[in-house]
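Same chain, two partners: chain A is paired with chain B first, then with chain C.
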Partner chain A sequence: MIRLVSYRVLQAGLVAVMVGALTFIMVRSLPGDMAFRIAAGRYGYDLVDGAAAEQVRRELGLDRPAIAAFADWLWSMARFDLGVSLVSGVPVVVEIRHQLGHSVELAVVAILLSMVLGPPIGVLAAIRPGGLFDRLVFVATVGLRSLPQFVIGLLLIYGLSVHAGLLPAAGHGGARFTVLPALTLALGLAAVSSRIARDATITVMASPYYRFGLTKGLPPGETFRRHGVRNIAVPVITYLGVQLVYLIEGVVVVETLFAWPGIGHALVHAIVARDVPMIQGTALVMGLMFVVLNGLVDLVCHLIDPRRRAA
Partner chain B sequence: MKRARMALAAVAMSAIMSPFALWAEDRTLTVVAPWEIKGFDPSVTGYAFTRMEVAETLIEIGDDGLPIPALAASWIVSEDGRTWRFDLRPNVTYHDGSRMTAADVVHSLEIARGKPGVLDKVPIESIEAVGDAAVLIRLSSPFSPLLAFLAHTSAQILAPASYAADGSVTQIVATGPYRIVSVEPPQRFTMERFDGYWGEKPEIARTMFLAAGRGETRTLLAESGDAQIVFNLDPASLQRLAGNDRLEVRAVPLPRVITMKVNAAYPPLADAQVPRALSLAMDRQGIASALLRQPDVAASQLFPPGMAAWHNPDLAPLTHDPERARKILAGLGWMPGADGILEKDGVRLAFTIRTYPDRPELPLVATALEDQFREIGVDATIAVGNSGDIPAGHQDGTLEAALIARNFSLVPDPLGTLMQDFGAEGGDWGAMNWKSDALIAAIDTVLTTGDAELAEEQRRVIARILQDELPVIPVVWYVQTAAVSKDVENFSIDPFERSYRLSRMRWAR
Partner chain C sequence: MIVGIAILIALTAFSLLTPLVVDGSPTGQNLAQTLQPPGPGHRLGTDHLGRDMALRLAAAIRVSLSVSIGATIVAAVLGVGLGVLAGSRGGLVDRLLSTAADMVLALPGLLLVLLIIAIAPGRFWPLYLGISLVLWIEYFRMARAITIRVAASPAVQASQLLGFGPVYVFLTHYWPQMAPMILTVGAFGAATAILSVAALGFVNVGIRPPTPELGQMMIELLPYYHEAPYIIAQPILVVFLLVLSLNLIAGGKAR
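Right after this comes the complex of A and B.
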């Protein structure tokens, strides 16, 4: 347990330095003049000109050598200071806190929804492998996983909002606004988790310990509860860790489509405007989130599966 | 008996209607546009707070494009055109209840002057308060479009409470008919009616601005009824929304023009006849009707008819004549090479057109032009990048050509754009390595003269030189499009894109 946590803490530190260095190098090597990009981000394309870019260059010291700028960033990082957005002038921490909250809200609802939808359907499909329901679920999951989230989102807006008028099409506010973007993400996640749950269920139900449970006279429901659920949960939850990549990638697309003020959306805009501190801060937070969530997945598996505790 | 029944009916009616009245009072009018809110600084996001009628400027622009009093009730200019005195409107209160003073106005203008973009281009010597109710602006040389520059959104007048000690803007405390309730950058801000407003109070009590970057999202927001007013629709959505009977689709020409900027020093483009041939190769009518689905926007000259003072109906229109284009190029010695692309002395007639996707039609139009140029043996390559690449390429000289959407109401007087674009050094968004002394003299005359007739004559000279020499090649004029719900009455589009005019609208009963 202690080893597990300390390993993740070490990993977090490495991620922070790597993400910082990589984003820094990548932004510097992107084509185009940074001062003009930042000026375009600030003042809009109608007002960006040589004079505006010059002012930006002077104000931000963009002429300094790259290595000095990077050393500055490392020093600020060591003091837990993420700097100030080059476009809005607001501290990066403030912007990220505002946007991260919205993204986390979206991601959590999406994961919960996918957990409600995916595994139960997978288990039901596993009752009669190759049956009609199993085959229908197979087609649906392949379809949902192969469609880009952008298309799923558009279809959901079109069906549930424009035609049925049940939910707002886009924007951000109460719980009603969360349903469509979260569902867009959840459907893709559920498609995978239902497959994992189905396969795990089939394996578990064919295993000797499960058959022994039935043989010794436990009713099927009781057998499933005592010997099935935990064993199925381990691969489903482990795989959730892998799917976080899909979730983080999806957040970028879904936030833009639904005009949702999240961190993925902020990252895209920061890259376009060459807002280096925002890119570094956002990438850092996303990288750390990845470590933390994977750590949580480890921890949950650790608690569910007693065999790991012995090992 | 009859009267009793009437009274009963009236009571019943009002009982039925009263929830509607309450509902209308509570309802929020939502405006959707693609532009995100990047902060509070007027030079960055000022346009959004002006359009939603939160913040105001000294001068407003009337529907005819002429300056009208706003926070300045009147003004006088000295004989030599170098001293302007603005008498402030009395009894104007900010949204925090404090009173607007001349010192605040000077403070706001001084900060605006320090920012790049607009006021820094005016030859201002000093701005000072005269007592409590007037402001004096001294210029180093006469500058006739000063009023239009003061109407620019970066020159908003904000209360002292808006600024931090270092002059940065931390909140919007202004004077408009609506005041901010909440701001959630980058997507939205909400407003309510400001009861202490100096002018006529708006009917609609609550409004919201929502930024949605994707055209698909905006269209769906209009269709689902979540938003009442949606701006900047793409051509395909426009047709679909026009078929929706809960919506009305409007289009208004703007003083914005899609032009091709050419580097006159780039060897293949160096002969002045080459841009002429490129212009003849452009099928503007085809682009306007097939691509943009707005047949009237094909540009016959730089200035659209809506810019009445500048559009010159007597000019011979730009036409589509690829045959003549080929002849011109052949006459200059350009001959087809092995792949059909014209060559002269080993130089291919090839160049790269840079453009940017912020205005979604630009890459589309660029692709059409690439095709049309190929028909006359010209090889154009399209590079879609960031809008900043165009001024950057102008500055470092690497730009060959660019397709841009130029705004002639940057400040509501096009002179503000023209003086930036066609000066001796050219302009980041205008001429490149091209110069006309006659044009510079004409712009200078219009800038400094107080004689209306002379200005009128010089404007015609300017339009003619631009048409004859094509330092930038006009392609299509720009149309602002909007879908508006039939729940809203009195909707109109401001051709100067200054205001969404929500204070003039009301809920349909």
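Right after this comes the complex of A and C.
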């Protein structure tokens, strides 16, 4: 347990160092005069002059030697000072606090939705392996995994919003706005978790303890509840940890597609606008979100699988 | 698996042969003929700027394939080489390389690629670098695990006692164990690379226009889905087929 937590803390530290080093290299290695480029991004290319560039230079400490600037950066990171957005002038922490909620909301709804969709379908498919339903599910999952997320999103918008007019196509508001982006993410996740659940179910049903349950006269439903569910849940939830990569990457794309005001959307905007503090802040928060979610998956595995607690 | 290889060969052939058969350039505009349906002049129609879709798709497939194949090869060579090194040397080398791998894993792949692209937007090399940097981990872990397992076997020890060099040991003992795994990891990796390139094009930070790229073609054509649904369907279908073929190749071997 302690090893688990300390590993994740170490990982969080690595995320911070990686993001920091990359943004640092980014600032230093841009071709041309960095200060002019950032000033141009902020004020527009026609309005840039030496004074504006000089101000940016002082603000970012670009006139100082690299080592000093790096030490400075480490110090501000240690104080959770992420700087001020170069575009809006608002502190990065304030912007991110605003956006993070939206992203977490989207991610959590997507995970829950995928858990409702994926594993039950996988279990149903495993009842008769090789049967018609199993084959249909197989084709559907391979298809879903082969489509980029934004295409799944586009198809959903086209089908459910433009044609049927059931849901809003994009934007952010009440619960109705959450359905499509969350469903887009959830479908991709469910495609994998249903496969995992199917394979796990087949293994569990063939196992001696499950057979014994049936042999001693337990009804199939009872056997499944008592001996099946937990054992199937372990690989499904473990694999959720691996899928989190897909989720976080998906957040970037899906938020952009649905104009969802979260950190993925903010990151893409910041990259286009060369808003270095925002890039650093959003990437850092997304990386940390990844670590925290992974830690949660570990914890859930611990709770449902007593063998791990013993180990 | 055969289906996957067939699809992949067909797409590659299409991307290589189309420029030989069709005149013009993938970026040549003709504003008098925008959003044409497929017909004799333009076999797959034209896009919103009157550019020939067949040529653009062929060029976009070449971009996707070259990035994914290039990144996959770089990642495979690097990952297997370092994995064997870490597995056979052990000790400090192993510790350092494994820590490096853990560091890269701490960030989701696309996020890492996005950050590297932010260093030099609109160029090809950050794309290659970022994607290879994400992909090499898989090979590294696989090669390291196999090396550690095989290195302890009597066969390797016998070879070493007989005085065979590391190259011989690698080729006769390690390589036969790794080769089938490399194909699987490689095909999955290439599929990931194609999806990443398309996703980056879609959020407008990948390859810059007018170079045709599949994800970017979709976002450009999106406003015209109503007038010309068959045009936007083309890049979508191509991405789907590319990734599907690679997934089939990887999946077929895994079983």
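Everything below uses one rule, namely that the second predicted complex is superposed on the first by the 270 of 311 C-alpha atoms of A that agree within 3 Å, B and C clash if a C-alpha of one lies under 4 Å from a C-alpha of the other, contacts with A are read in each partner's own complex, and residues count from 1 in each chain.
The definition used in the following text is that a contact is a pair of C-beta atoms (placed from the backbone, for glycine too) under 8 Å apart; a residue touches a chain by one contact, two chains touch by 3 or more.
Just so we're clear, the structure is a prediction, and the values are computed from it rather than from any experiment.
Engineer: Scan A:T256 for contacts with chain B and chain C and give back first, second, both or neither.
Structural biologist: Once the two structures are laid over each other on A, A:T256 reaches both partners.
Engineer: Is A:P148 in contact with chain B, with chain C, with both, or with neither (first, second, both, neither)?
Structural biologist: In the superposition, A:P148 contacts chain C only.
Engineer: So, does A:V245 touch the first partner chain B, the second partner chain C, both, or neither?
Structural biologist: In the superposition, A:V245 contacts chain C only.
Engineer: Which partner chains sit in contact with A:V90 here, chain B, chain C, both or neither? Use first/second/both/neither.
Structural biologist: Touch status of A:V90: first partner only.
Engineer: Would you check which partner chain A:A266 touches, where first means chain B only, second means chain C only, and both and neither mean what they say?
Structural biologist: So A:A266 only meets chain B here.
Engineer: For A:Y158, decide between first (touching chain B), second (touching chain C), both and neither.
Structural biologist: Both partners, chain B and chain C.
Engineer: Of the partners chain B and chain C, which touch A:M286 in the superposed model: first, second, both, neither?
Structural biologist: second
Engineer: Once chain A of both complexes is superposed, is A:V19 in touch with chain B (first), chain C (second), both, or neither?
Structural biologist: A:V19 sits against chain C, while chain B stays out of touch.
Engineer: With the two structures laid over each other on chain A, which partner does A:Q55 touch: chain B (first), chain C (second), both, or neither?
Structural biologist: Touch status of A:Q55: first partner only.
Engineer: Under the contact definition given at the top, report the residues of chain A touching chain B in one complex and chain C in the other.
Structural biologist: 31, 154, 158, 256-257, 272
Engineer: Over in the complex, which chain A residues touch chain B? Could you list them?
Structural biologist: Counting only chain A, the residues touching chain B are 31-33, 36-53, 55, 87-90, 95, 98, 154, 157-158, 161-162, 165, 168-172, 256-261, 265-266, 269, 272.
Engineer: Can you name the residues of chain C that touch chain A in the complex?
Structural biologist: By the definition above, chain C touches chain A via 102-104, 106-112, 114-121, 191, 195, 198-199, 202-205, 215, 218, 222, 225, 236, 239-240, 243-244, 247-248, 251.
Engineer: Considering only the defined contacts, which chain B positions touch chain A in the complex?
Structural biologist: Spelled out, the residues of chain B in touch with chain A are 30, 35-36, 38-39, 41, 43-44, 47, 116-118, 120, 168, 184-188, 210-214, 216-217, 220-221, 223-226, 356, 358, 385-389, 391-392, 394-396, 407, 410, 420, 427-429.
Engineer: Under the stated contact criterion, what part of chain A meets chain C in this complex?
Structural biologist: Per the touch definition, chain A meets chain C at residues 11-12, 14-15, 17-19, 22-23, 25-26, 29-31, 142-143, 145-151, 154, 158, 244-245, 248-249, 252-253, 256-257, 267-268, 271-272, 274, 279, 283, 286-287, 290-291.
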